[in-house]
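Take a look at these structures.
Below, subunit A partners subunit B and then partners subunit C, in two separate complexes.
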Partner chain A sequence: MRKVVVVQTFGYWGRRAAHMALVVIGIATINFFLLQLAPGDAVTVLAGEAGAATPEYLAALRQQFGLDQALPVQFAKYIGNILTFDLGHSFRHGMSVWRLIADRIPATFLLMGVSIGFAALIGSAFGVIAARYAGRAADTAISTLALLFYATPVFWIGLMLVVVFSVWLDWLPVGGMMKIEAGYTGFDHVMDVARHLVLPAVTLGLFFLAIYTRLMRAAMLEVYGQDFVRTAVAKGVRPHRVVLRHVLRNALLPGITMLGMQIGSILGGAVLVETVFSWPGLGRLAFEALFQRDLNLLLGILLCSSVIVVIVNLAVDLLYAWLDPRIELG
Partner chain B sequence: MASIDASLAPASSRPKQPGFLLRLLSRPSALTGLLLLGLILMAAVAAPGLYPDDPLDMVAQPFLWPGADAAYPFGTDMLGRDIASGLFHGARISLLIGVVATVVSIVIGVGIGAGAGYYGGRIDAVLMRVTELFQTIPPFLFALAIVAILQPSIPSIVGAIGITAWPSLARLVRAEVLKLRHSDMVQASIALGGSDLRIIVLHILPNVLAPVIVTASVMVATAILTESSLAFLGLGDPNVVSWGGMVGAGREVLRTDWYVASIPGLAIVLAVLALNLLGDGLNDALNPRQRQR
Partner chain C sequence: MTRFSLSLTRRAALLLAAGLVAFAGSSYAQSPNPLAKRGGTLTAIIQPEPVILTSAINTAAPTGTVSGNIFDGLVDYDSQLNPKPALAEKWDVSPDGLAITFHLRKGVKWHDGKPFTSADVKWTLENVWQKIHPRNQATFGRVKQVDTPDENTVILRLSEPSVAILSSVNSNGAQVLPKHLYEGTDVLNNPYNNKPVGTGAFVFKEWSKGNHIILERNADYWDKDKPYLDRIIFKVIPDAAARAAALEKGEVQYAVFSPVPLKDAERLGKLPNLKIETRGYEWLSPWLFFDLNVDNPYLKDVKVRRAIAHAIDTKAVANVVWYGFGKPAISPVPSTLPQFHDASVPQYAFDPKKAEALLDEAGYKRGKDGVRFALSHDFIPYGDDYKRTGEYLKQALKRVGIEVTIRTQDTAAFTKRVYGDRDFDISSAWFAAFSDPQVGVSRAYWSGWIAKNTPWTNGSGYRNAEIDKIISDVQSEPDPQKRIAAFKRFQQIVQSDVPSIPLIELKFFTVHASNLKDVVSTADQIYGSLKNAWFDTAPKTN
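Showing the complex of A and B:
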């Protein structure tokens, strides 16, 4: 019995690893052809505008990518580099792309984590309220608000929040992650980062708050009608307990699925939010790369973001199987 | 042949014209969406007549606040450009890019989805792998990389949005085609010797139309959002005015003249809201049975 489980788990992880490798190779392929599409020699593209790079650097790049060789050889070399986690060198930053990305990832994770938490918490609460009062004023108000958030561009919400909360009210900082000149340590440092985090996290969260509100409302309405909920109500379980223990638990699963589906757009939203608030994360790095035409860095970020999507979806699968024992990893 | 097909087609799956339109117009959300969309369309059509000059030209003194001069109802920006003119001309660009990019997405998504669902087997496996791959890459970052590499222009923006937005549509179409693949209607056409292309185009696709239309209106909304986001980051076509680009320009003077960034943003909200409302309304009207959501 145990052996079977082990074999199954191994098969599962083997498949996931193969899937991950396939995704990386696929994206590397897309990146390679994108670079071929760029106007001009790939090396000058990689190095940024011509003239900014030294001839030695260009020669090193040509050698690294084997650009004096046939296209298939170039392609093999490119894939080989990426499979050995060599994403190349950023001339602009004078650092390896890998190092740059690793430096920026924690800030992005902090921003995304807090945003998702905010969106899931408030969105679920809104959804529960809307479903409890389905068809009445509270429901209409919440649903309209969700629709508005859903339609509003993330970057514009960010700018408007800055106008209100930073410029007019002067409650929160305009941007950045911390007040560097203050040199806070310990608890003060945490509070300082938290203050800087409020506006970007709310901005990024509002769009997903709308999604979670709609999702939770639909899920609640669906579960409400089921027999076990009716049984719970019939045997006299108090209303808020029915919501928490019976309905919310079952509505959690679609919420988690949604996270896996939306993680790619959360990363896209992070580019905009980090640009608006100068948040020093991966998205801001992407914007800088774009601005400086550091395409190698930009494509490295694209690859890493896709890997993040794959990893999050893996985590979602595992979480799903853990929350609902009826589901087996397959 | 034609008469056989007509009698075999499930009557309920095709929207009946008068009933459908009435159902659509009777929903307040769909009606609001249609009205808003009509307004934006009118703005797009009227733009060259009302504002024949290039909206990127300086026409008045800079930083004229909205309402300060009746000739410029929405004021002017830091370069003395008429914001109202930018809004009207921007509507053309947003709708153009939104619609054309969605058409590109539909062609790719329906092609891949129908091919995968109809042929099944190895073709399905390969096409779905490709779809999964495209679904894994964060769409906005992908579009951003494509536009950055190709240089911003209307064709590159349309292409980038079109190429990144199709995977969910392909999955939807595949699922619908799978349902129809073994229906009596399709089996009969195969027995009658219809070619694959004929069966897909004449018998399967018309029955997939309803969900595709619903998805398409939301896709146009998403495409408009993506276009404005790209333009906000400086990846708009430099030769045309774009709502997102106007917000991006207004960002520089946010502290003192916040209206420069606010007004074009509201235009984006209205356009996206209109299309989402329309999508919701279409969904309700086309699938009256799945209404409870």
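Showing the complex of A and C:
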């Protein structure tokens, strides 16, 4: 009996890993050919920025960048690179794509982690409260607020927060990740980054928060209406225990799905906020790479993004099975 | 666009014409300012983020703004566009114009302590300016040999006189690289391109991509007592509204190249802690224009092109669309080049009736719906100001019966469409004319550039054998008066044919803190060094 389970599990993991690898390679292939559709190349962008160039100079750059080779050759090289975990070289930046991405990842993780964490916790709490007092004043207030955050464009919230808290009140910095002029170290440095983090994380978080609030409220109300909750209440379980033990746990699944999707989009999801707050994250890097036709870099970021998506999907599936034993892996 | 070299100055032209002897160094570069205070960190905006920090390899604007502080030129150009000694203390040109000698300053050191010598100049000229530099390949193409009789003397031997050289040797036009770090390497991929070692007033310290670039004071700088600032931090701030907020709050004290939207500029200029400065761009002489694709079945008719010119009110473009940050243009050679500018060219006063008459005459009557024909417009994707200009065009042409559809795209798609595929009807662009039309203006009309997929060249597709001949003749013409006469003839012809319609001479602006003094000391300040800048009172910290 035990042996069968082991074999099944192993089979599951083998299939799952092969599946994930295929998805990633497939995404990489589609990305490669899709990006070829964009008119112009990195060399004309560079020449455009330089303000002048000769056809010879352009040809020399194309040769250096490998853009003079036939598309199938470029593609074969690209896939070959991926299979050896080499993301290639960004000629525009004169750096390896790995290094460029690694430089930006910490800032992105920090911003997305804090804002998603803030949104998931506060948003879920709001949702639980709103569902608990459905139809009453607290519910109306929370629902209105959530709708407002949801409907307001992110960049506008960001700019308004800057105007109020940075320009008028002068409490927080306008943008960036740290105050380089001050040269802080140790605890001062952490506090400095935290101060810079507040506005972008809140801006991004407010939008997510609205989603969690609405999702959690709806899921809670649905579970409230089910028989086992009535049974629990009839048994005499105390109200807040019913909320936490019986309703919340069952209502968590949609929230987890949402969380998985958001973490999956972590790499590209914050372009606007990163731009408004000059936050040195990956979203901006990808955005700029697109306009600069820096395809090696853009493909590298997209690939990392797809890897994160498949890993998070796996994690979400595992979490499902743990939260709700009725769901089986397989 | 073309934001690279300085070009011929009046002074240089005169010197050349006189078969000149020597231009002795004035005290300009060496004299310390008795009022200036030492110290302080200047926080500036750099936007967009540079690709590379070495102007010798990439002539893009943000590269020039940072690089000009790290490197010196052989000369500087003062606010009257006169050359002033920098790395070269003096220079002379042989009477036949075939030898140019630079006498280099003694005792100058690279930031890594190695001496700066004539070998660096020779090596850079032969390996970078002649081979890699996007534009200098033409300027220095006539240099057939470089002699270095001693460590402080460089002699360029030319096959033909080349007026453009002496006007291209500032730190942006012809940046000297350290031979000892570049020789024998792949120059385009040399790691020092991104952590440059120069001779300039500021030393490169750190570049955190997407964040900031830090430069520190060069304590060993040859220009004694300078620079006055301890540090310059260039911050990357991609959002225009955030740039305005950072300037308003005082977190940033210096930003070049019209860093905030025009409508914000006026407001910021009224704040007591900020100043708007339009000097420092003199040598650029930028002008904005519409290119009319002469291969289009309607636009190939000169009457239609003239009608369109009559339908556009350049005063409205300058005062309304550009909030006064521009001046109506008469000719593609801007009035800021007074010796070359020809105000007597054919002009197309704003006159919709005349425009309609010309269109009728060309055989394009208004249809039942009032429309004569339809065209598309691709505006240069450099921001809202250019889009607004396109919207103005749409309105103006609708009035005379031409329907215009505005198309939007990013820069790569735009340059390919206009300069490669030629799949457009009317496009907009701005070029820098520089102080010599040979450098900045002729490329817009020379037929050799058509459909070469090289950005910022002949977009209209205009071909005229006489114009081509004038353009090739002026390059090796040593007599300044003859060159001026040739350029005036050039303007008469192109303004009669109007393949492109000059709209306005653009005025870029710098925003800086009021307590930052002597921000502008050269005509190319935006690509020059901030070695003369100083803080009157300490910058606000927070």
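Assume the second predicted complex is superposed on the first by the 266 of 330 C-alpha atoms of A that agree within 3 Å, B and C clash if a C-alpha of one lies under 4 Å from a C-alpha of the other, contacts with A are read in each partner's own complex, and residues count from 1 in each chain.
Just so it is clear, contacts are C-beta pairs under 8 Å (C-beta built on N, C-alpha and C of every residue); 3 or more make two chains touch, one makes a residue touch a chain.
Please read these numbers as outputs of a predicted model, since none were measured by experiment.
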Of the two partner chains, subunit B (first) and subunit C (second), which one does A:Gly264 touch, if any: first, second, both, or neither? first
Of the partners subunit B and subunit C, which touch A:Pro280 in the superposed model: first, second, both, neither? second
With both complexes superposed on chain A, which partner does A:Thr152 reach: first (subunit B), second (subunit C), both or neither? first
Contacts for A:Val163 in the overlay, against subunit B (first) and subunit C (second): which applies, first, second, both or neither? both
Pick one for A:Leu35: touches subunit B only (first), subunit C only (second), both, or neither. first
Considering only the touch criterion stated at the top, classify A:Arg16 as touching first (subunit B), second (subunit C), both, or neither. neither
Who does A:Ser306 touch here: subunit B (first), subunit C (second), both, or neither? first
Give one of first, second, both or neither to describe whether A:His189 is in contact with subunit B, with subunit C, with both, or with none. neither
Kindly classify A:Arg62 by the partners it touches after superposition: subunit B alone (first), subunit C alone (second), both, or neither? neither
On subunit A, the residue positions that both subunit B and subunit C contact, one per complex: 38-39, 45, 159, 162-163, 167, 275-276, 291, 293
As the complex stands, subunit B meets subunit A at residues 129-130, 132-133, 135-142, 144-146, 148-151, 221, 225, 228-229, 232-235, 244, 247, 250-251, 254-255, 258, 261-262, 265, 268-269, 272-273, 276-277, 292-293
In the complex formed with subunit C, which residues of subunit A make contact? 38-41, 44-58, 60-61, 64, 92-94, 100, 103-104, 159, 162-163, 166-167, 170, 173-177, 180-182, 275-278, 280-281, 284-285, 288, 291-293
List the residues on subunit C that touch subunit A in their complex, please. 1-4, 41, 43, 48-49, 51-52, 58-61, 132, 134-135, 137-138, 188-189, 191, 193-194, 208-212, 214, 231, 233, 235-239, 241-242, 245-246, 248-249, 251, 409-413, 415-417, 420, 432, 443, 452-456, 541-542
What residues of subunit A sit close enough to touch subunit B in their complex? 22-23, 26-27, 30, 34-35, 37-39, 45, 147-148, 150-156, 159-160, 162-163, 167, 218, 221-222, 264-265, 267-269, 271-272, 275-276, 286-287, 290-291, 293, 295, 298-299, 301-302, 305-306, 309-310, 313
